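Chain lettering (A, B, C and D) follows the sequence in which the chains are written, and residue indices restart at 1 in each chain.
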Amino acid sequence: MELDLLVAYRWMRLTRAVDDAIRNLWLTGQGVGGTFNQRGHEAISVGAALCLAGDDVVAPMHRDLGAYLVRGMSPRRLLAHQLGRATGVSRGRDANIHGCGDLSLGIIGFVSHLPQSLPVAVGAAMAFRHRGEPRVALTFTGDGGSITGLFTESLNLAALDRAPVVIVVENNQYAYSTPIAEHSANPDIAARSRAMGVDAVDIDGNDVIAVHRAVQAAVNRARDGGGPTVVVAETMRMLGHAIHDGFEYVPDALLERWHERDPLTLLENRLAAAETETDRIRAIDDEVGVVVDDAVAFARDSPWPDPGEVTARVWATGPGHE
Amino acid sequence: MELDLLVAYRWMRLTRAVDDAIRNLWLTGQGVGGTFNQRGHEAISVGAALCLAGDDVVAPMHRDLGAYLVRGMSPRRLLAHQLGRATGVSRGRDANIHGCGDLSLGIIGFVSHLPQSLPVAVGAAMAFRHRGEPRVALTFTGDGGSITGLFTESLNLAALDRAPVVIVVENNQYAYSTPIAEHSANPDIAARSRAMGVDAVDIDGNDVIAVHRAVQAAVNRARDGGGPTVVVAETMRMLGHAIHDGFEYVPDALLERWHERDPLTLLENRLAAAETETDRIRAIDDEVGVVVDDAVAFARDSPWPDPGEVTARVWATGPGHE
Amino acid sequence: MSDGTYLDAISAALLHEMDRDDRVLVMGEDVAGPFGGAFKVTKPVAERFGESRVRNMPMTELGFIGAANGMALMGLRPVIEVQFADFISTGFDSIVQFAATAHYRWGGAVPWVLRAPADGNLRSGPFHSQNPEAWFVHTPGLKVVAPSTLADAYGLLLSAIRDDNPVVYFESKPLYRALKGSVPGGDAPVPIGVAEIARPGSHCTVVTYGAMRHEATTAAAHLATEGIDVEVVDLRTLKPLDLETVTASVRKTSRVLVVHAANRLAGIGAEIAATVADVCFTDLDAPVKRLGGLDVPVPFSPPLEDAYRPSAATIADSCRELCAW
Amino acid sequence: MSDGTYLDAISAALLHEMDRDDRVLVMGEDVAGPFGGAFKVTKPVAERFGESRVRNMPMTELGFIGAANGMALMGLRPVIEVQFADFISTGFDSIVQFAATAHYRWGGAVPWVLRAPADGNLRSGPFHSQNPEAWFVHTPGLKVVAPSTLADAYGLLLSAIRDDNPVVYFESKPLYRALKGSVPGGDAPVPIGVAEIARPGSHCTVVTYGAMRHEATTAAAHLATEGIDVEVVDLRTLKPLDLETVTASVRKTSRVLVVHAANRLAGIGAEIAATVADVCFTDLDAPVKRLGGLDVPVPFSPPLEDAYRPSAATIADSCRELCAW
């Protein structure tokens, strides 16, 4: 698939707007529990998710709001989820952006334990291969997640099976407060991936075109039986890890450098260079604003879950369950 | 330290003889529970352990009988351990070659969960470095262990700290019945190690001189502050994984090839080439025979543990414990 | 039906379900043919279904149970073998954090079975004798079964594979080859969540499961010669617990002993004893007693393991005390 | 002594022990300065002792707890922080298989402390609210503590660090900043294995620990106005359990309720209830009751989490029922 830049812009703008709306709710005391920040990661989650076909699946992590949106999860459900409402994705059961799974949209809900999404995506891909289906699984992890044993175990399984899975590493150079040089003796994640037998490429994670190009190539290769790929996307989280994080640990100079490379600004510049009319961009901004305002209102006005529901739906239905 | 070939021969012969004695006990119905086979691995555990100084430590795994012996654990205690006697290393508490730890000999007892010895050895080395002690930790894992997440996590920690640890990978090309090509997408363990930021060398694990040379270099480097090394020693386990294993999964031709490369035969040939008198070798064999016969008799005649002891020594002594 | 062992019954159940449902596949270390697993449970399965449905895994329990989660979400029905129940702790996160919670949180069904060869009395020491079922019963979202007969080994595995939830299936290693009988066949599922009266009796109740069922019935046979009539309840499923069968028995006998090989301290026996002591408070003529493993790693040497573990003898002693109360 | 919070008491204990014993070091994710940990417990510690004794670890709990095992064997006294108690499952093998068993098996002492920020009521959902203490109490070879006051947070951490065994130290996140008082100082260890009568009473006993101690004393204060006099026993140590203090209280009141925030099913409360119902059989005027979390992952949304968790109100209700029995 060719990347339609305006489509990409719309999803990235929506991602940013939803993220801003969430932060705004929290900063004004309307939040419930904690919430993660997404700013800076929009090109990765959107660019990658746009490469999938309808019956592919994605197993995101905590900076992939854009992937949920692109896959069709509505801002209403996502915001209601974050506010713990009955109308949210998890009906008030899971917090923050955890547990936003919906298999009808091809989204596997994630657990906080990082990087548990990886082996699950690999297993999904193994299932596709087992049944001979031309489907692909996409998943994400951070630089911190890339130094876990589960990362190498997952890559090895994927490579052994030539599983149709694409693993995007969002290298924002920090795991929470810990810089990559302090958590990874070898910060070259692509090299570590190749050593496990998985092809890997390094790309600019703030350039949605680069993200899309690399992930689309990987998705196509996976679908054609070429096996797994790791795409290492360099970026920077531009706000704290989560709403409560003072964020004093990233040097200002570094942030400034990345501020100039804001993924939305970069894309706007591209659009301008491609002589897209400013009006079309602003129309998207306006539409997104309306969507997000509506979603915030919907979430805020949504009912809390019924406490009597707390023990319902522990077990999956099937013989002997209701 | 220069390797004294006759010393190496003596330890390797002792390792083989103890292993044979154990197998003999089991095959004649005198064993208790299960037991692992060591045949083929003698040059690795002996050659590596001979590189350590007195206050270094070793965290072995299940093919490292030679390392226990070289560090000074007596065949009597080891055999009594395997037979579950009160006089054994664990006083009847742990089975097989598990749990043969004795810190007074610088040996850390291992648990079955592979490769748990690795992070423990890395931590021991981190402790040495933390206190500025010129001590080194040596540990072992198999090819199967080298594909676990704990392997990469341990290497990363070692590399980050420049910990004085040497990790010997006993690549016998099988994890139980599973050939390396089936369990590791990239069977180049040294390359995987280097990707984690740890220097690695490949050596012939059946040549005790090669093992000693490589491990001694790594130990010296570690002691001098040069950080960790992985030594990948190629070998072949010449009998089943454990006493009950039918061992039908290794092709005869492969076994034959390795049979010609038996570590003891190789060393005998070297000794012959160095014009060591055959008498001296046979004298060692005889001495070893006496030691092992004595150890078997000791173990067999040793008392069983007192059942009343079963709940003793759960807690380490110290304030509030007795 | 043919003659065979408890182990054969497990193999037979796998064969039956894999014939019936091509979503079922087996995965684990060394399970593929011709080797067929450390205990050879999957040997006939690998012979019949080959490598695509009986798949060797690297020694990476966390990763491959994680992969089983993904396979199950995509509609397969993986039957995972961990080589020993002891190694279940290596894959812990993939079980207790992901598989156990997915359905409650967002409706993702994870229909796998994890076969865990458990229990001791084989002189295998601390790392090949564990009974870790309490960890999983305490964890919301898992089902846990522990068959003790050929019929249950077969029938509970059928039900576990057909269940839409993650089911941990504890196999009893001491019964593998020691317990013989006729190997079931055909469509004979045993429902999850239903206990069995292994032996009816009137003087006291022994609630147990796994290999201890046989110790208990041996004790009961012996006690019968002394005029003590013991009812033995085999739980069969540890989660969800069939408390009705248990409390009905207790109301009949008014004396109860709970027995398992796992560590007694904070084991499942505590849950059963606490519940019985509560809901049957006015029915009890004696305190609810418990027997279980001692609070130490499972020791290796025969005298130590024997001291560690309940047996027909210690069960009989406890029943005598209970009936004399 | 200065005024501060439960969290400050933990920091103060670390500062005190690290001053006193240079074998003590802190390790965990994001613990180093200037960040000082997700909850800032180690911030003052990092400021005073710097990077060599307050060490950032990669997000590899299995590996770095394994490394702590090696450090402890070599004579250091690592104090490990897992960022949330929920992530303890990621390092499970290094805890339950290696650290817990080394001394029993071969005499290797592993003197570390694992600090685990636990419990909920903060609307943090299934992965930042867990109370996994039962897994560790059931596992032979570990000690487990769960302080609920500033004095105990301080004193039990001193004792835990000085103990020659692996000690899991469960911190109560809901108390971190909500519980204020004077921060202890100096050499004020609280012994491991000794419960405390948090409130004396005569009509019934509530056995509890952690944040639930405060729910229980709140309930007790309220019930006092109704003429019900509740004794609250704070276990403080979960392994080894101080059953003497518990049974002495039960013999006095003859009615007992066991309360914890962790899942009630097969939780520690089951062990206590089963033991009390057994050893105090003739002393009890009512069945031993239990309150605990429901058998579901800790839900996020306030109405659900409130329904999930015991509270002063449900404790009071249970006490009323118990005393009316």
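Convention: contacts are C-beta pairs under 8 Å (C-beta built on N, C-alpha and C of every residue); 3 or more make two chains touch, one makes a residue touch a chain.
Everything numeric in this text was worked out from a predicted model, so none of it was measured.
**Student:** Can you give me the shortest step count from subunit A to subunit C, moving only between touching chains?
**Tutor:** Between subunit A and subunit C, the shortest chain-hopping route counts 1.
**Student:** What's the farthest chain from subunit C if centres are computed as the mean of the Cα atoms?
**Tutor:** Looking at centroid distances, A is the chain farthest away.
**Student:** If you tally the C-beta contacts for B-C and for B-D, which one comes out higher?
**Tutor:** B-D
**Student:** So the centre of each chain is just the mean of its C-alpha atoms; given that, what is the distance between subunit B and subunit C in Å?
**Tutor:** Taking the mean C-alpha position of each chain, the two centres sit 35 Å apart.
**Student:** Taking the mean of the CA coordinates per chain, how far is subunit C from subunit D in Å?
**Tutor:** Between these chains, centre-to-centre, one finds 31 Å.
**Student:** Starting from the mean Cα coordinates of subunit A and subunit B, work out the distance between those two points in Å.
**Tutor:** Taking the average C-alpha coordinate of subunit A and of subunit B, the gap between them is 45 Å.
**Student:** Go ahead and note the Å separation of the Cα centroids belonging to subunit B and subunit D.
**Tutor:** For subunit B versus subunit D, the centre distance works out to 40 Å.
**Student:** Counting only residues that touch at least 2 other chains, which ones in subunit A make the list?
**Tutor:** Within subunit A, residues 90, 93-94, 98-99, 111-113, 147-150, 153, 156, 160, 182-184, 314 contact more than one other chain.
**Student:** Which residues does subunit C have that touch at least 2 chains other than itself?
**Tutor:** 57-58, 60, 62-63, 86, 89-90, 93, 97, 101, 104-105, 126-127, 140-141, 294-297
**Student:** Testing understanding: with touching defined as stated, what is the shape of the graph linking the protein chains, line, ring, star, complete or other?
**Tutor:** complete
**Student:** Write out the stretch or stretches of subunit D touching subunit C in their complex.
**Tutor:** 86, 89-90, 92-93, 96-97, 100-101, 104-105, 126-127, 134-135, 137-141, 263, 265-271, 273-275, 277-279, 281, 286-290, 294-297
**Student:** Please name which positions on subunit B make contact with subunit C in the complex.
**Tutor:** 32-34, 84-85, 90, 92-96, 98-99, 111-114, 144-145, 147-149, 175-178, 182-184, 248-249, 304-311, 314
**Student:** Touching subunit A in the complex: which residues of subunit C?
**Tutor:** Subunit C reaches subunit A through residues 25, 52, 57-58, 60, 62-76, 93-94, 97-98, 101-111, 140-141, 143, 162-165, 191-193.
**Student:** Which part of subunit C faces subunit B closely enough to touch in the complex?
**Tutor:** So the residues of subunit C touching subunit B come out as 29-30, 34-35, 38, 56-60, 62-63, 84, 86-87, 89-90, 122-128, 294-297, 299-304, 306-308.
**Student:** Would you tell me which residues of subunit A are touching subunit C in their complex?
**Tutor:** 57, 59, 89-90, 93-94, 98-103, 108-109, 111-113, 116, 118-128, 130-131, 137, 149-150, 153-154, 156-157, 160, 313-321
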